[in-house]
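Next come two complexes, and both contain subunit A; in the first it sits with subunit B, in the second with subunit C.
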Partner chain A sequence: MKKFDKERALLAVAGPVLALVAAIVLTSIVLIASGKNPFEPYRLMLEQVGFSDIQVLIINQASLYYIAALAVALGFRMNLFNIGVDGQYRLAAMMTAVVGAHVALPSFLQVPMLLLVGLLTGAFWAGIAGVLKVTRGVSEVVSTIMLNAIATSVIGYLTLTDNFGVLVGDNITTGVMKESGWVPGINLGADVGEIYGLVFLAVLLGIGYWLVLNRTRFGFDLRATGASETAAAASGVDAKKMVFTAMLISGGVAGLSGLPLLLGDSHTYALTFPAGLGFTAIGIALLGRNNPGGIALAALLWAFLDKASPALDYATPVAYEKEIATIMQGLIVFAVVISYEAVRQWGLRRQQKRVGAELAAAAAGNNNHKKEVAA
Partner chain B sequence: MTTATVAKPKAQQPGKGSRRVSLPVLLLVIAGVLVLTSIVRLISGAEGITSTGQMSTALRLAVPIGLAGLGGLWSERSGVVNIGLEGMMILGTWFGAWAGYQWGPWTGVVFGIIGGALGAVLHAIATVTFNVNHIVSGVAINILALGATRYLSKFTFENQPQGSSKQSPPIDSLGTFDIPGLSSWLDTLNQKHWFLVSDVAGLIGGLFTDLSPLTVIAVALVPVTWWVLWRTAFGLRLRSCGENPVAAESLGVNVYKYKYIAVIISGGFAGLGGAFLSIVASNVYLDGQTAGRGYIGLAAMIFGNWMPGGLALGAGLFGYTDSLNLRGGTTNVHALILLLAILLVFGAAYLAWRKRYLPALITAVVSALMFVWYVSTNEVPKQLVSATPYIVTLLVLSLSAQSLRMPKADGLPYRKGQGK
Partner chain C sequence: MHALVGENGAGKSTLMKILYGMQKPDEGTITVAGEQVAFHSPADAIARGIGMVHQHFMLADNLTVLENVVLGSEKLYGIGATARKKIKEISDRYGLNVRPDVLIEDLGVADRQRVEILKVLFRGATTLILDEPTAVLVPQEVDALFDNLRELKSEGLSVIFISHKLGEVLSVADEITVIRRGTTVGTAVPAETTPRQLAELMVGSELPTPETAESTVTDKPVVEVKGLTVYASGGASLGELAEPAGTGLLTEEVSEADGVRRVLDDITFTIHAGEVMGVAGVEGNGQSELIEALIGLKNADSGTIAFLGEEITSWATRKRREKGIGYIPEDRHRQGLLLEAPLWENRILGHVTERPNAKGFWIDPKGAQEDTRRIVKDYDVRTPGIDVTAASLSGGNQQKLIVGREMSHAPKFLIAAHPTRGVDVGAQAAIWDHIRAARREGLAVLLISADLDELIGLSDTLRVIYNGRLVADADPATITPEELGSAMTGAASGHLEHVDEAAAPEDEAR
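Up next, the complex of A and B:
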C-alpha cells in the first residue's frame, strides 16, 4: 500500500513540474527567436517578489483568481464546463456594488448581506444555463458564453446614468458604497499597501470546497456523476438535479470572486474591473488539477506573472515586453494539459507492466506447482 | 459567381432527408416568416428590417461566423470538439493583417489560413495524439492565441506607421463588385416598400450588392464542404471517424490521419474567417477583433445540427441580428419584438392544439407581455440591441437543442486498437 502511495506522489508531482519546465523552455525559445536574452526576464521578475508591495499585490490578485478558479473547478469535477464564470463574476460585482451604494445596514449585517447578494446574483446567472441544460439540453459551454456577452449588455444598461450609474470624471461607476459595507484589510504601512480582508474568505472557501467534495454525500455524488453519469444514476443519483445544483453553486462561488476587490479596495464597480478573470480562472483550475491546494499554488503563480511582469517594461538597460508573461501563461496551460495526460498514460503503462509482471510471476509459480504435483 | 448562385440551393439539401423537417416544409416556414416580417414592417414602419443595406451588412457579418461554423463542422464530423476556433480565428486575423499590409490582401488571406491551421496543429497534437480533453485543449489554445498575437504585435505593428501594439497598419482592399443591372433593379424594387415583393427584393438584393470576392468564396465553401463530406469517399471516411472510430479502424481507415486532416482544415476555415475580419470587414487588425465569433460559429453549427445548410442558416440569422447593431438598431429591434410576439401567438396555438395547455398558457402570457412592451415603448435600449444576437442564439438553441444529433463519437477519446 505504501509503495502505491509513493507511485501516486511521483505521478502527481511529475505533471506540473514537467509542464513548468516545458513552458519555461518554450518561453525561452520565444525570447531567443525575438532576439532577446532568454533568461534575464525570469531573473527580473523573481527580483520583484522581494519587494513587499509586490507581495501584497500578488496575494490580493491571487485571492480573486482563487475564488474564481474554485468556481470553475467545481464544475470540472462533474464534467460541467462553466465558461461563464466571467459574466457571473462581473454581474455579481456590479449588483453588489449597486446594493451596497443604496442600502445602509449596520456593518455586521451589511457585509453578510452584500456577500449574499453577490452569491445569489452569480448563482442566478449560472442557473439560467443550468435550467437550459437540464430542461432543454443546451450545451452549457455555448449557453454560458452567450450569457457572458449578455451580461456585458445588462451591466452596460444598469450602469447608465439614468439607472444606477454615477459619473466620476470620465468613468461610469455605480457610486461609492456605504462605509458599513467596507471590509477592512490588514494594513502593512503606507508604501506597502493593504491585504484585502476577504483574502480569508478565499481561504475559507478553499477549505469548504475540500470538505464538501471529500467529506459529504453531496460531494461524493458530484464526483461520481463526473466520473460516470450512468454509474451514478444506477446508484440513485438524480443526474439532472446534480447538474443544476452544481451549476448554481459554481455560479454562486463565481459571484463571490470579485468581492475581495470590491469590498476591500475599490468600493465601487467600474469598467476598470479586471476583465477576463473567469477565463484566466479556467487555466488556473486546470493547472491546479481541481485540487484546492493546487489551485492556490496556481493562483499565486498566475498573480506573480501578472504583477511582476510590468517591471519588464521599465527594466534597464534592456526593456522586455511584459506580454511575454501572457505567452508564458498560455504555454503553461498547454504544457500542463498535455503533460498531465502524458504522465497519466505513462503511469497507466507502468501499472499495467507491474500488474502484468506480478500476474506472470504468479502464473509461473502456479505452473511450477502443477508440475510438481504432476510429477 | 456562378458557383455561388448555382450551388446555393444545394446547401439546403442536407436538411432535406435527414430531419423530420422536409424541404417543402422548410420553404413554407421561411416563406411564412417572410410574410410575417413584411406585415410587421408595414405595421411598425421600420423599413430598415428588410432593406438591401441591412441584408448586405448581415451577409458581411454572417461570413466570418459561417466560416468558423464550417471549421467546427469539419473537426466535429471527425470526432474532435473544437472550442479553440476562437483562438484560431484570432491567429487568422493577426497573420492575415501581418502578411496583408506587407504583401497585399490575397497573401494576407493565405497567411490567415496558415495561421489558423497552425493553431489547429496544436489542437490536433493535444487531442488526437495525447487524448487531452477537447474542451480543455481548446480553451488553452484560446488563451495562447491571445497572448501570442499581443506579443507579436509589439514587435511588428508597433514600429510601423499608423500601427500600434493594438492595431496593424491598414491593408489594401480586395475590392467589391455588384451584378450590373440586377443589384440596382432589386434596390429600386426594395425602395418601393411594397408588401412582400420589396422584402424579397431586399433579401436577394443584399446577397448581390457590394460583394467582396472573399464573400463569394466563403458562400461557395458551404456547398463544397457538403459535397466533400457527404459525396466523396474521403468525406465518408472522415465522418466515420466521428461516428464510430473503432469500426472505421477495422475497415482500414487511419483514424489519426483523418482526424489530423479534419482538425487542420478546421483551423484553416477559422483562420480564413479571421482573415475576412481583418481584411474585408475592416482593413486593420485590432486587438479583440473576433469578439467571440468563434464561439458563435460553434453555436451556429450546433443550431444547424452539424450540417452545412443548417449552419449557413444559423450564421445568417446571427449575422442579421448582429447587423441591427450597426443600422438603426433601436427601432428595428423594437419592430422585431412585435414579430416575436406574433410568432409566440402561433406557438401558443400550436401547443394548445397539441393539448399541452400549461405551456400554451405560458407562451400566450409571454406573447401578451411582448405586445404590451411593443405598444408602450417606441424603441428599445441600445444595450438590448447589442445583446440581441446572443439572446436569439440562446432562444433558438433552447427551442432546437433536443432534436439535434451530434456525431456519435464527438469529443470522445480514441486510441488506436482500443476496440480489440
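Up next, the complex of A and C:
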C-alpha cells in the first residue's frame, strides 16, 4: 500500500531533520553564550559553497567519508560495530602505497591491482577481529579498537627508513608511487582543482551496497541477522559464517576508503595522511541511517562543515572560530542518536495504531457486504 | 476475578496495555478504587497496585531470578539478602516454587511465568493482569495456577484474566467481559453461561473441534530418528555451578554419573507420510531441544536423523529447510519473524533461497510481494497491506502469516510447535484445516502443543516426553487429556491404555 511507503519515507526524513535542527539550535545557543552573533557563521559557511574550489574540496573529502561510512554501515546492518575502520583504512592505504611504489605494471593492470591490495589488506585486518569473534567470542568492539592501535605500530615499523620508508624533507613517506598507478581526476582548471577519479568508485560502491543488501540473498541474510539473530538462525543463516563474512566485507570496503586520496592526489602514504577518518565515518553512518543515499548526504554535510569552516577564521569584519563546525558535528552525532530512537518508537506505535484503525474501518464495512479484509 | 475474552485482534491486549499505562487512551476514563486516574507509564500503574504478566515474558535471560525480580524496584527491599528473603516468602506463600539464584535462560516457559507473577507480587500489586496465562501450561499446572489465583483472590487481590480457553474462563472467573473488534459486546456470569453461548458472543460462530477424519497414515517413513541424544549446554564441562540447570519443578534428576545432563536422551521415533505425531509434555522437558535438533539449530551429540531415507544429522539448517522441512517455531517473536520488517520480507525469511522469493543469487521482491498477497488472502491474515511491519499485526495474524509461509513451500515434513498458540478460535480451525489438508497429501508432522485437545484431536500417534525421554505412547482415539497429563508429570509410562468408559475429549477444557 502506497500510504505506508509514504509514511516510511516521512519517518526516514523526520529523524535526520530533527537532529539537524536540534544541532543548529544548540550551536546557536553556544554562540550566544560566548557573545557572538548566532546566525552569521552559518551565512559565512554557506557562502563558501558558492566557490567552485571549495565545491571540489567538499566532493573529494566526501568520497573518502562515504566509502568509510559504508564500511561502518555494513557492520551496523548486522549489529556488528566495526570501530576498526580507521586502522583498516590506514594500514590498507599504506600497503597500497608501498606496493604502488615498488611494482610497475601497465596502468590497466596497476590500478585494479592496487585497489585489490587495499581491499585485501583491509579485509585481512578486519578478518582478525572476525576470527576472534567467531572462534573465541571476543567482542569486535574491543578487538577492533585494539587492532587500531596495533595498526599504528605496524605502520610506524614498516615506514622506518630501514624498511619501506623514504625521507622527504622531515616527513617520512613510503616513496612516490609509480605513475601507472595514478588515477587521473577531472581537471576543472588550475585555480579550481581536480575531482578525484575514484569519486566514481565511491558512487559504484554505494550502488553496490544497496544492491547487495536489498536485492541479494546474502544481503537478506545479513539484514535478517541484524534484525533478529534468533530468527535468522532459525531461517537457516549460519551466524558464524555471517559474522566473519560481514567483517571481511566491511574491512575490505574500509581498505578502499583512503584510495581516492592516495591514487588521485598524494601518491604516497605519509605521516600527514588524514587520521581519524574511520571514527568520523561512524557518525556519518549513523546520520545517514545506514542507507546509501542518506550516507551520501551525511558525507557531503560533514565535508561541507570541514571545508567551509576554515573561512570563519578569516571572516571580516568579525572573525569566528572555525571550531564552531566541530562543535556542530559533535552535537549532530548526539542529536542523531536520540532523535532516531525517538522517531523509530513513535513510528512503530503510530503504525500499530493505524493498522488497528484501518482494520476496524474495514470490519465495519464488512458488516454490510461480506468482503475480504485483505488485498 | 474478572475474565476478558475475545478473538485475536479484538483489542484485549491493547486494553490491558492502557490499563497498565503502556499506551494512552484517546478517549474515556479509568477508575481505580473509586478514583479516576490517568497513567502515563507502567510506573504509575504499579504505584496504583496494578501489575501485569505479559503473554511474552519480559525477563532478561542472562540474569538470575533474583536479579530479574529486583530489577527496577531495587528501592523496595534492596538487591541482597532482604530481597531474597522476600522472594522466598512470596514463593512459599503461593506455592510458586521459584528458586532465586537460577538463571532465567535455564528455565522453561512455565517457570518463567511463575517468575513473572512473583515479580508483580514483589512490587506489591493488588490487581494482577494475566495475559493468556494458561496457554503454556498442562491441565495439572493450570489447576495449580488457578489455586494460586484463588488464594490471591481470597486475600483481597483482584485478578484480570485474559484467555481464549472458554472452559477455563467459566470455571475460574467471577465475571466475564467479551470484547470484539475493540468494543464490549457483552458480559456474562459464569454460572448462567455455557461455552457455546460465550463462543457465539466472541465470534458469532460455533466452536471448531480439531478432530481428524479417517487416518491417512502410510507406511512410507519420512523422518526416522534413532537414539538422538543432546547434552545440556553449560554442563559440568564448562565449569558451571554445581547445581544442574533444571527447571525448578521436575527435572532434578541428573542422568549421568559425570554430571552432564542430557536434555534429550535416546530419542527414537519414525514419522510416516501422512502421519501426525503429537508430542505431549510439560514445557521444558526437551521439546525445544528436540525441535532444534530436528531443524538443525542444535547438534546431536549422538544418534542419527534420517529424512526420506537420507541421513541428515550433519546438515545445516538451510539445507534441511530447502529439502522440505517446514518449521513453525514455538516463539514466533524470537524465531519466526523480523518484527520491524514489512510482511513481504517476513515472507522471505527462512525461504530466501527458494522461489518465488529468489531467482538464483538475487532476491525477487515482486515475486515475494505477490505471494505474500496470496498468503494474506488465503490464510485470512488481517492487515491493511503487505508493507506494514510484522510488529503491527496481532499475535494470531502473525501466526497465520507464519503458517501460510511454511505451507507455501509444500513441506514434506512439518515441525509445528504450538501452531495455534495465541490464535483465536476461527483462525485455529483454519490452521487445523491446512495441516489436515497437507497431511492428506502425504505430509509428515511433528506436533508439539500445550493444548492437549489439539494434540489428541490432530495426532495419529501420541508420545509423551518427560525429562528428555519419550516415556509413553498413547492412542489418540481413546486417551483423555487427564490421562495424558499424568504421564506428562512422570507418573505413568509405557503404553497408556484408556481405562474408563470413554468420555470423549469434548470441548470441555476449551
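One rule holds in what follows: the second predicted complex is superposed on the first by the 353 of 375 C-alpha atoms of A that agree within 3 Å, B and C clash if a C-alpha of one lies under 4 Å from a C-alpha of the other, contacts with A are read in each partner's own complex, and residues count from 1 in each chain.
Here is the rule we use: contacts are C-beta pairs under 8 Å (C-beta built on N, C-alpha and C of every residue); 3 or more make two chains touch, one makes a residue touch a chain.
Just so you know, these numbers come straight off a predicted model, no measurement behind them.
**Q** Name the contact category of A:T225: first (subunit B only), second (subunit C only), both, or neither.
**A** A:T225 contacts neither subunit B nor subunit C.
**Q** Kindly classify A:L348 by the partners it touches after superposition: subunit B alone (first), subunit C alone (second), both, or neither?
**A** A:L348 contacts subunit C only, not subunit B.
**Q** Regarding the shared-chain residue A:R217, is it in contact with subunit B (first), subunit C (second), both, or neither?
**A** A:R217: touches subunit C, not subunit B.
**Q** Counting only touches as set out at the top, which of subunit B and subunit C does A:V333 meet: first, second, both, neither?
**A** first
**Q** With the two complexes superposed on chain A, say which partner A:N60 touches: subunit B (first), subunit C (second), both, or neither.
**A** neither
**Q** Name the contact category of A:L286: first (subunit B only), second (subunit C only), both, or neither.
**A** first
**Q** Under the contact definition given at the top, report the residues of subunit A touching subunit B in one complex and subunit C in the other.
**A** none
**Q** Quick one: in the complex, what on subunit A touches subunit C?
**A** 1, 4-5, 8, 214-221, 223-224, 227-228, 230-231, 233-238, 348-349, 351-352, 354-356, 358-360, 362-363, 372-375
**Q** Tell me, which parts of subunit B touch subunit A in their complex?
**A** 83, 122, 125-126, 130-133, 135-137, 139-148, 150-151, 154-155, 292, 295, 298-299, 302, 381, 383-384, 386-387, 390-391, 393-394, 397-399, 401-402
**Q** Where on subunit C is subunit A touching in the complex?
**A** 9, 11, 14, 23, 181-182, 295-297, 316-322, 327, 329, 334-341, 345, 348-353, 358, 361-363, 365, 373, 376-377, 380-389, 391-393
**Q** Which stretch or stretches of subunit A touch subunit B in the complex?
**A** Per the touch definition, subunit A meets subunit B at residues 30, 34, 81, 83, 132, 136-139, 141-143, 145-150, 152-154, 156-157, 160, 279-280, 282-283, 286, 321, 323-324, 326-331, 333-334, 337-338, 340-342, 345.
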